[in-house]
Every structure is written in C-alpha cells, then in structure tokens.
Amino acid sequence: MVFLLIFVPLIIAVAALVVPSNRWRPWLIPLAGVIHLGMTVWTLSCAHPVAGLQGWLALDPLGKLVLGLISVIFTICGFYAPAYLALRPERQNRFFCACLLGMLGMMTLVVLSHHLGLMWVAIEATTLCTAPLLFFNHSARSLEATWKYLLIGSVGIALALLGSFFLAYSSLHAGLVPTLLLDDLVKMAPQLSRPWLHAAFVLLLVGYGTKMGLAPMHTWKPDAYGEAPGLVGALLAGGVTSCAFLSILRFYQICLAAPEAAFAREILVFIGLFSMAVAAVFMVRQRDFKRMLAYSSVEHMGILVLGIGLGGLAAFGALLHMITNGVTKGVLFLSAGNIHRAYGSKLTDDVRGAMRRLPVSGVTFLAGFLIVTGSPPGGPFISEFTILTGAINGGHYAVAALYLAVLAIVFIGMGTTVLRVVQGVPSPQAASTAYRDRPQLVIPILIFLGLSILLGLYIPNSLTTALHDAVAYLEVKP
Amino acid sequence: MSHIVIHIFLLLVMPPLLLGVIGKTKALFAGRIGPPVLQPYYDLSKLFQKGTVFSTTTTWVFRAGPVVGLATALLAGMLIPFGGHSAPVSFNGDMILFAYLFALGRFFTAAAALDTGSAFEGMGSAREVTFSCLAEPALFFGFLVLAKLSGSLSLTTMLDGAFPLGAGVAAPSLVLVAASLFIVLLVENCRIPFDDPNTHLELTMIHEVMVLDHSGPAFGMILYGAAMKLFVMGAVLLRVVAPFELGNSWYDWGLFMAGMLGLAVLIGLVESMMARFRMVFVPTFLVAACLLSAFGVILLLR
Amino acid sequence: MKDFIDPILVVVLLLNFVALGASRLRTLIQAVAVQGILLGFMIVMAHGSFMIWVALMAGATVALKGVVIPRMLFHAVREVVIRREVEPIVGFVASLFLGAVGTALALLFSKTLPIAHDHMSSLVVPASLSTVLTGFLILTTRSKAITQVVGYLILENGVFIFGLLLMEAIPFLVELGVLLDLFVAIFVMGIIIHKISREFSSVSTSMLSELKE
Amino acid sequence: MIFLIPIFLIPALGGIYGTEYWSQQAHPHNGRKLRLFYGLVTAALATVAVSANAILFLVAWEIMALSAFFLVTTEDEDRAVRQAGWLYLITTHISTLCLFALFAVLRVATGSYALGPLPVDLASPGIVTAVFILAVLAFGCKAGLVPFHIWLPSAHAMTPSHVSALMSGVLIKIGIYGLIRITSWLPDPPVWWGGLLLILGAGSGVLGVVMALGQHDLKRLLAYHSIENIGIIVMGVGLALVGRSLNCVEWVVLGLAGALLHVWNHGLFKALLFLSAGAVIHGTHSRDLDHMGGLGRVMPVTALCFAVGAIAICGLPPLNGFVSELLIYIGAFRSLGIGQALSWPAAAFVAPVLALIGALALACFVKAFGAVFLGTARSRHGEHAHEVGRAMTRPMLVLAILCVGIGIAPIVVAPVLDQGILAWILDGTDEVPRVATLVPLGWVSLGSLTLVALLGLFTLAMRKRITQGGSASGITWDCGYAAPSARMQYTASSFAQILGTLFGWIQHPRVRAPRVEAVFPGRTTFKSHVPDILLDVVLKPVFRFGAKLLSSFRFLQAGNIHAYLLYIVLFLMALLLWR
C-alpha cells in the first residue's frame, strides 16, 4: 500500500508523458487524484500500522494529517486542472501534467519517509518538479520567477542536507551508531551531542524554512506564486509548504525528545512572529493580488511555526491551522487564477469589480479573504483562536498581543487589495475578454470553500482525535 | 387647596404685570412717564381680538410654536414653589422636567421661526438655541448645588430654605448660583444686556426676531408665554436669593408678590443702566455663568 | 588511507580560493570539476576499503561532479555566453579577502563544536564549512547565472565533504538519490540559463530583477 | 432579553419599509442581496444575544458584522460607499480580534468556552482587568463609542436608510449588550471602571453631538447622534458600575434602568428618524440639508414622524427619550446624597453634561428639522419631492406611536427593566429596589398627560380666536425686501455657524470662503466641511504615515537574487550565534 501511494502517481506521470492528446491528457490528473484519495482514505481508515522498508517508510499520526490534506487538495485541484488547461489550448501541457503528478508522488514520499535522507531527496524532488510548473506561462517574468525559486530553494535545501548530516554526526559524536532514521534518533535523542544538535536544528530550520517560505527566506515566494498558474499556487501553498512544515516538525520532535525544548521553542516563536511581521509589512499597499496571496502564505507559515513553538494547545491549533489554511488557500488561489484569466492582469490598477464581472469567483475570493484572516465561521478562525488561547494559556502575553496586532495589520493590508479587486465596476475592456465563470472552474473552489466553512462550524471527531494523536506524537516526553 | 388655586391664579394673571413694571421702571429711570403698568394686559387683549396673517410657506409647525411655548411655560409654573408655598405638582426629579419643558417650548418656537423661511427668523432661532446650549449646563450646575445643599430631588424642598449642611456652608455656593441664575434668566428671557426686546434692528435681536411673522392671537400667546417664563424663572431665583417665610401663609403670598415686583424693578434697573452687549460676547457671559455655578459645586467639595 | 584526506582537503580549500579569484569562467568551472574529482577520491579513502558500492559511489561522484556537470556548464558557456568573464559584484581581491575571513570563521566555529578526534581527520569540519561559505560567497557576489550555478555546486561540495564523516550512516540509495537530485537540479538550471539567454540576450542575473515590490 | 425586543421589532418594520424603499424593480442588481443579508444580520443579532458559548458568540458576532458590511456596501459602485464599507470592516475586525483575546483570556481563566459569571476564586485582578479593558475596546468599537467611532458616520450615511435604521437602532446596541453582559460577569469592579465608562460616555455624548452640528448630510448628522446617544447609554452603565463598586444599589438601578431604557428608546426613535430620512431621500434624491426645505407641506406624514423622532431624541417631554434621560439624571442627582468625598462629584457631573448634550441636540435637530421640512425648497431636489407610499409610512407611524406610548406610560416597561437589573446584579441577595419606587413614573405620566391636555386646550382656543378674528395669508415678511427668494433662507450651515465657531476647536471645519473684494462682487461659492476629528484629523495621517513607513521597507524585496541569498546567510549566522 505504501508503495502504491507513492508509485501510482509516478506511473500516471509517466503515462502523461506518453499520452499524445493535449486535450485528454489533463484528465489523468483528476484520475490520479481520485485513486490517490481512495487509497489514502483506505490507508487512514485501516487500523494496523502502515510501514515499509524496515522503518524507512511509516505513516505516523502527523503524516496522516498531512497525507489527508495533500490528497484532498490535490484531488480538488485535479478537477480544476482540465478546465484550466482547456483555457490555454495554445500551451503544450505534457510536462505540466507529468510534473504535477510527479509532485504528488514526491509529496507522498516526504510524508511517508521516516529516513531523513530519503525525506531530503523527496523534498528536493518536489522543488525540481515545481520548476516546470512555474514556467508554464513561458514569459520572461515566469522565467525569472522559476530561476529564483530554483536557486533559492536549492541553496536552502542544501543547507538542510548539511543540517541532516550534523544531526547524524551528533549521534556519532555521542558514541552511538550514526543514523538518519527518525525513530532511532528520537529514541536516542537524550544522548545526542547538544552543540551539534543545536547547529543541526538551526540549519534545518533555515533550510526547510526556505522551502516553507519563512521570512527572511521567503523571498522566492511572491515571485513564484505571482507568476505560477493559480492551480500551482494552491498546490504549493497548501501542499508543498505543508510537507516542508512536516519535515521541520520531524526535527522539532527530536529536539523535544533531546530535551532541548526551550531552545527550539524560542527560535520557532521568534521566526513565526518575524515571518508574520514581514508578511504584514509587504502586504500593505500591495498592488498585485497574487503576490499578496504569497505574502499571506508567508504569514500563515509564520502562524504555524509560532503555534508549534508555543506548544500544547497552540500546537494543536497549529496543526489544525495547517489543514484549514491549506483548504482556504485553495479557495484564494483558484479564485485569483480565475480573476487573473478574466482580466488578463493581476494588478489592482486594472482589476476592478470582480464581483460583477465574475459572480462566483469574485465572491469566493472575498469569502476566502475573510476566512483566511480569521473571521468566524471559517476554519482558520478556530485554529487561529486556538493558537491565541494557547499563547495566553502559556502566559505568553506579549506574544499574544503581537500576534493580534500583526493579524490586524494583515487584515488591513490584505483587505485594501482584495476589496479593490472585488468591488466597484469593471472596466469595459475587462468585460470584453472571453473568460466566463464555468461550472468546472468554480465547483472546485466552492468545494474548498465549503470544506473551509465546515471546518469552522464542525470538526469531525475523527479529525480531533487525529490532531490530538499528532500532538501527542509530536510532543514526546523525554 | 386654596393655595393651589391662588398659585394657579397668580401664575395666570401676574406675568404681564412684571413686564409692565419693568417698562415703567425703565421709563422712570429715563425720565419719562412711560406706559401704564397694566399696558401689557391691554396689548394682550388687543392682540387676541385681532385677525391673523399666515405666510404661505408655513405649516402646522408655525401654528404649534406659540401653543407649545405657552403650554410648557404654564406647566413649568406648576412645578415651582411660589414663596414659601409648595408647588401644586412636586415629585423627585421635577427640576429636570422643569428644564426640559422650557427646552420643548424652545424647540417649537425655533422650529416655527424656521418655518417662515425667512433669513431673519432663521438667524434668531439659531441664536436662541445656541445660547441655550450654554445656559442649560449653568442651570443644572445650579440644581446640583441646590440638591446637594437640601439633600432633596424636588424643587419644592430644594427651595424651602432649609439647609441641613448649615447656612455657613450654603451661603457662598448660593451666592454664586444666584448670580449664575440671574444671568441665565436674563438670557433666556431676552433682556438687556443680552438681547433687546424693543429694538427694531432685526439683525441684533434674538427672541423678538424669531416671532416677527406671528400676528394676532398667535403673537399674543407668544408674548403671554414669554412673560410667564420670566415669571416662573424669576420665582426660582427669588427663592434662591431670599428663602424667607413669615410664618403666616397669607403673608407669604404677599411677600412673594412683593419679591417678584422687586425683581422686576431690578431687571428694569439693569436694563436701564447697561447697554446691550455685542452678540459675540454673549457666549462669554454664559460660559461665565456656567463657571459660577460650577464653582458653586466645587465649593461644596470641602 | 585516511592520512591522505587532510592534504586533499587542503587542496580543496585552495581550490576554493582559486574559484574566488578566477576571472574567467573556464577557470572557475575547472576548479569545481577538480574539486568534484577529489571528492570522489576522498570517498574511497574515507571508507578505507574497496567495496562495490563504495566504488560505485565514488565513480558516480567523479563522473557527475568531475565530468558531466562541468561539461554541461562548458557547453552552456559556449552556447550562450558572449563575454567569458566572471563579472563580479565584489572585486576579486575583496572576494579573496572575504574567503579568507570565511575560512577563518569556519575554523573558529568548528572549534566550538566538539569533534570526535579518534574518528576522522580534524580538518573535515572546517573544510566543509569554509567550502559552504565560499559557495555562498560566489552565489552572492557573482552576477552571471552560470557562476551562480557554480556557487551552488561548491556549496554542495562542502556539504558532501561533511558527508565523508558519515559514510556508515548514509545509505547508498540515499547518496545516489542526492546525487541524482543534484544532477537534475543542475540540468534544469542549465535549461533555464539557456532560456534566459534567449529571452534577455544576456545571462547576467542583474537583468532578472523585474519581479519586485 | 431586553435586547431581543428591538432586535425583532425594528428589522421587521424596516423590512416592510424596505419593500418600497429598495424595491426589486428599482434595484435589480442588489435588491436580492440586500434582503438576504438583512435577514442574516437579524438572525445573527438574535443569536448573539442568546448565545452562552464563546465560539457560538463569535460566529454569530462575525456573521452579523460581515452581513452588515455587505449591507453597507450595497451600492459598491460608489467610491464613497466602498470607503465607508472598508472603514467599517477594519474597525469591526479589530473589534473581533479584541473579542478573540477576551474570550481566550476567559477560556484560560475558566477552562471552558461556556459563557457565564466568572467565579470569584478564579478571577485574579489581572485577568479581570484585562477582560474589562478588552471588552471596552471590542464592544466600544461596535457601539461606536468615542474614540472608536470612526466607522460609524460614513457607514450609516452610505447604506440604504432602513439598513441605517437597523444598524443604528439595533446593531450598535449589541456592543452595549456585550459591555453590560461582560461587566455583570466580573466580580468586584473597582471604581475606576465606572469612572472610565463615565468619561468615555461623556466624551462620546458631547463629541458626537458637536460633530453632528457641523454636518450638512442628513444621515451623517443622524449617525453622529447615534454616537451621542451611545454616550448617554454608556454614562448610565458607568453610573451603575460605580454604584456596584460602592455598594449603592440606587445608582445601579437608576443607571442601568436608564441605560437599558435608553437602548430601547434610541432604537425606536433613531429608527424612526432614519426611516423618515430615508423617505426624504427617496423623495428628493439628495442627502444634503442645504438642498432641501419646505418638505413639510408635500410630505406631511414624514414631517410629523421626523418631528416626533426629533423631540424624542432631544429627550424632551412627553416622549420616551425624556423618561430614560430622567432615570439617568435622577441617578446622578441621587449620588449627591452619598457622603464620600470624591465619588459624588464624579457621578454628579453627569447631570450638567447631559444638559449640555440635550441642549446641543436640540439645536441640532431644530436645524435638521427646519432645514428639511420647513421654509421653502432650496433647490430642484426639494421641488420634485413627493410623499412616500404606505409601506414606508406605516412602519414609521408605528415607531412614532411607540415613542409616544413609552413617553406617556413608562410604568408599563418598568417591570421588564427590573428583570434586567436583577439579571445584572448577580450577587443581589440583598433587596434591590424596584425602578418604579425610585422614580416617580406616575408623575411623569401625569405631567405628560397634562401637557398634552394643555396643548389641546390652547390649540382649540387659538383656533377659535383665529376663526373669530379672521385670518389671511401672504408671503413671509422680509423687512421690506422686495424680491425674496428661497435661496435667501437661513441654511443649515448658517444655522450652526455660531455654535461652529464656539466648538471650532473640536470640529476643525475646513472652510473655503470667498473674499469679498469689489463693491459688486461676482458670483462666488462658499464651502465648508466638517471632517471627523479623530478619523480625518488624527487617524488618517497616522495611517498614511504608517503605510509609508512600511512601504519604505520595500527596497528589501527589490528583485535582486544576490540580496535574497545574502539574507539567508546572514539569518543563518544570526541563528547560529543565538546561543
């Protein structure tokens, strides 16, 4: 089963390279999504532990959350893909489809791998798969974005590799058998050499933080999200970043087991707040609404890291936030993609009155904005509120105050841009483009939106249990 | 019961007399003989006989102005103790009703003035409402002092001359309040030096300019209501300044009437001796009145 | 065998300085290629015995880092570059100075970390760190896209040097995966450089600053 | 409970009104949307008022806030509407964030999301104070208390009128509801809480009415009066809170009864005023006071209703506004009996402040009423006005009758107020006096009835005299000027001019006045505009500066990949040196 989860998308990716028809090929994406989702559901529901390759691959409670999330996001995005690609008949989509599917396989591998080296390989592979996706538009701007993404991402990940080596060396130094197997490392964590562990954690945080888009390593994000199709943005912001987050969690787990919690928490809280603040700074007076979404992603990655750093209830909130944010980002990126298609521009100078021009996408864009900024009754509201409660519960009053202040600035900054886009009257040339909201293009968005609101109103028991399991798994007591 | 009848009788009959006394005082002071003291009664009866002219721009508001003005003044009069006698209507918080009744009257008088659509009347009503904005706090500071001194929330007991805290505590505050109330009285009843009821220069008037367009019985009602307002406020001031009682209730009535006439003479004297202030100084004096009575409150803080 | 590692590491460090001081693209790429080949040798030496997978690993490293990737880069240079100078943002002398400072820092920093002396040469950690820093230096101070690729390669070399300490811990498959990833990354970068040169008729990344706030 | 009645009453009446005011035929694009959110906001309001769980409260709260946002932006093609909506959205979101913090603190203190009184043993002073401050911030934003009122004028002015009625009549009251609820849960309030509320209330009251005086947009004017009335209500709450700290039950009863009754009353008469204003706007298609005039003759019902609302809002007898202000007044005067040296003047200053507010409100409403309904039309807008249909007049009449009803027979509502007060005083084991025993409501009724009787009598008398004496009609006497025109009337702006100069230091009017140079000056214009002191004079420049400051960090993301890589190195080194 474990292998199937990884290889089915890869096989379909190969098939995508082979299928000749530009028109039918995109349908492989929802097909892969559905199969993957089905297998995921089956895996999640079966009781016995899923593992393979002598502990190299295993599905732990954290992995379950992320696996479910990426599978759902990919499937919904998958159904959006054929309609989107049909809008771009002039573009050859062979590599696009293949890379998308390859990305799914690699993300699954990241989630499942319990060997830190293997995980590194998988994450680098997602980076490489993403590059052609970003380049889909073949414009000078997209070229530039791809270059920056690739170089910054690779450099960051190289640091993560160094960090992984440091970690292995810390076990070696302690006179243990050097290993990169997660479970072994957690077990022997208390004996690990502290200076090496510290250095390793910092390197890994910077490395995978680059991939996740934490400030100040986030610089590729606005460029990449700004130039990529909305579909890719949704997958990056909801899926790939979650995978990077997961990999940070893996190392955090080792730190907690070490026990070096104080050190790790301090750094995570600092980076979290710093990312939120940087995102807020750049969201103010942002004219490009896709770049704005990128900064929003930076902000929410900051929230995730902050919540984990605060620990306890806030960690629960952070894991929930990973899911709610991922789903809501789907709403935002796909809506933004539609708006971009309809207006042929993503600058607020040109884009006005989206609610009139695109009755569905415009409204979902606005709704997504409100939900992602934490307005009840959206999913992020519950998670952000839980993180706040966790912060106050832990006595971090200053952190809570900063958190709220940044949320307010972000709301103001983001709202200015979003309202400019959705309200008002569209210009005549915007109304004349061929694009119209079609069911295929909006139903995936509506599903995302429905999920997002549902999570705000009602969290299923199974999800709550899964989250509690994950927190318990993460915050092992030494 | 008989006291209530007397109260109502005095309230209905005596107000124009005050106007007559003021006019006579001014005339005598200027060395003229002046109109008879009862002249206001003649004026009123003449006005009530006359026909009325209504402007084509006016509505029911214009007609309501005089009616409300008179009715509120009358009702307010019922709340005030005349001399040592308690008011016919007295309950906790009646001073607020007292103040707000005049406000209601003002609302309609000013609205009626605006109803004519004339710039002059508009000017008058603007001035009226503006100056009352400053007069009201002064009045309420005064009430605060009285209520604190008497430990009561009703005008009758507030003004009964008994001060549980002792006259030594009361006197300084009362002097300040009396001064403040006198200013308020002059302003609210459009007397010199704040307003000139006799001038013909519309631009300089406050109250008179508001009623330029009223005629006949309506105008009569306005004059009557204005006189009653003067009377009622005078009665309050009188009790603050001189809360004396003679012991015999009938003598008390006599003392009250004498006091009111004395007050009228005082107003006449003030009007004769002072020139009208420039309009821009009126607010300054009202603020001063506010401060006077506010100091009255502060003195009680000891 | 392990005794040879130290001298080789010194050569690697010297190559860092060559890379920093190189004014011609060819020199730069050649320096990296030599570094790659030395890395392959060191794998064998670090392990101390000839096993099949060690030989395979070393062979793959030499082939990729020493031959294939440098050839790809040379090809790219021939293909797209009109001017074959390095075009530094910070001058060569200054870069060399910074590189020296970086190496000193790396030495100092590795002093603060406890090192298992009996296990391996004491030069591995500082050499690795200083190579990483050199990589960063080239990445941040050279304006051409190709030089940045080279910088990335040097950075990776630094990481690989550290990996010498952990031959037992890192399974063969993972090593191969890492190498494969590296290769694909460079390959994709090469493609992009090609596209950039067509798009902008220059490979200087200073042209690539269209996307900004 | 007390809040539910207006929550259901006013939207219902507004809904009927809306069928004509914003009919589907006239507004095909947004009519449906408007009605959807109108219903949604009502439901959410009711949910907020009954919810006993923090999460439910927040969800309902936000649905309410967002629906109101969509109501405000009904006509989003208009730039001013968009700005108003945006401003509203920012403030309401900040209020929501404060609520987040509030409920998070409560949750930490009690360990659950259930809302209820905070047990004394769990309440450390720090937590209680934090909750109180956050409550003032959050609910103050919603209620439009100065200095959190910035959103209110433009939001009220830009919405359809029945929505303004709903917002002003009910929505902002939910802020008061929250404040009253939260304060009732907290044990042992210190005196400064009440003092703070008194000061904020007084500030809102005076500032609101002074700003209202400067307006010449009818609905903005009404909106500023909402701020004023919220101030009055908060003063009542503050009085009650001070009373609770000092164990003076009478203050509590009077202050809270006044506040609660004023919540009702303001709901009634402000809704009435907004609906009347809506009728005027429907008839004239303008909101500018200086364009109107003389509508009393063409729109008699509306004029009557507006007059009733105006009298009620000024707190004049015999209408309902008087009763609630009377309660607060008596509460303030009662404080005089208490011997404590510094507490009674603090409470007692409420009385003169209320008097000042009342007088200013009167000035303002004479201005508004006069400028809209009296005199003659000042522009084309006014000339084409017509009376509105029954669907609009009937709800207004119902509200007017209710205003009169409460004014004349306040005793009817006293038991309900008693219930509310008992619910607020949780530890009310000792005897709580009834409202009716503290305030002579019977006398008030008697006074009001006498007044009405006198009015009737005098009216009859005058009518008789007039018919006997004969009457004629002619044009207004203009002191002999031969060619009067409608434009020579005193305008709303000129009406408020003297007060404007008195309060110029608060209003900061922006005036563009012509200089008269020649003997026969040419055509010229005069413009004045009173910006909101906090928003336009203080906050906007601050925000602009803030945005500029933040934008100055833009250079960090200048597109240079070398710089980006450098950030990574530097950050890495900084973190390595962290310990």
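Annotations
By letter and in written order, the chains are A, B, C and D; residue numbering begins at 1 in each of them.
FYI, a contact is a pair of C-beta atoms (placed from the backbone, for glycine too) under 8 Å apart; a residue touches a chain by one contact, two chains touch by 3 or more.
As the structure is a computational prediction, the values presented were derived from the model and not from experiment.
Identification of common neighbours of subunit B and subunit D yields an empty set.
Counting only chains that touch, the fewest steps needed to get from subunit A to subunit B is 2. Seen from the Cα centre of subunit A, the chain whose own Cα centre is farthest off is B. No other pair of chains has as many C-beta pairs in contact as B-D. Each chain gets a centre from the mean of its Cα atoms; for subunit A and subunit C, those two points are 30 Å apart. Work out the mean CA point of subunit C and of subunit D, and you get 69 Å between them. Centres computed as Cα averages put subunit B at a distance of 99 Å from subunit C. Per-chain CA centroids place subunit A at a distance of 45 Å from subunit D. Shared contact sites, meaning residues of subunit B that touch two or more other chains, are absent. Multi-chain contact residues of subunit D (touching two or more other chains): 554, 557, 559, 561, 565, 576. In subunit C, 136, 139, 148, 205, 208-211, 213 are the positions where the chain touches two or more neighbouring chains simultaneously.
In terms of which chains touch, the assembly is arranged in some other way, matching none of the line, ring, star or all-to-all patterns. Remark: the chains found to touch one another pair up as A-C, A-D, B-D, C-D. In the complex of the two chains, the subunit A residues touching subunit D come out as 147-148, 151-152, 155-156, 159, 198-199, 202-203, 205-206, 210, 216-217, 219-220, 222-223, 263, 266-267, 280-282, 284-285, 353, 355, 370, 373-377, 381-382, 384-385, 388-389, 391-393, 400, 404, 407-408, 411-412, 415-416, 419, 423-425, 456-457. Those residues of subunit D that touch subunit A in the complex are listed here as 55, 58-59, 61-63, 66, 73, 76-77, 79, 82, 85-86, 89-90, 93-94, 96-98, 100-101, 103-105, 107-108, 546-547, 550-551, 553-554, 557, 559, 561, 564-565, 567-568, 571-572, 575-576, 578-579.
Note for the complex: subunit C touches subunit A at residues 112-116, 119, 128, 132, 136, 139, 145, 148, 152, 155-156, 158-159, 162-163, 165-166, 168-171, 173-174, 177-178, 180-181, 184-185, 188-189, 192, 195-196, 199-200, 205, 208-211, 213. By the touch criterion stated above, subunit C contacts subunit D in their complex at residues 89, 109, 136, 139-141, 143, 148, 205-206, 208-213. Interface residues of subunit D facing subunit B in the complex, by the touch rule stated above, are 293-294, 296-297, 300, 303, 307, 310-311, 314-317, 322, 325-326, 329-330, 333-334, 336-337, 341, 344-345, 348, 351-356, 358-360, 362-363, 365-367, 369-371, 373-376, 438-440, 443-444, 446-447, 450-451, 454-455, 457-459, 462, 465-466, 469-479, 484, 486, 488-490, 494-499, 502.
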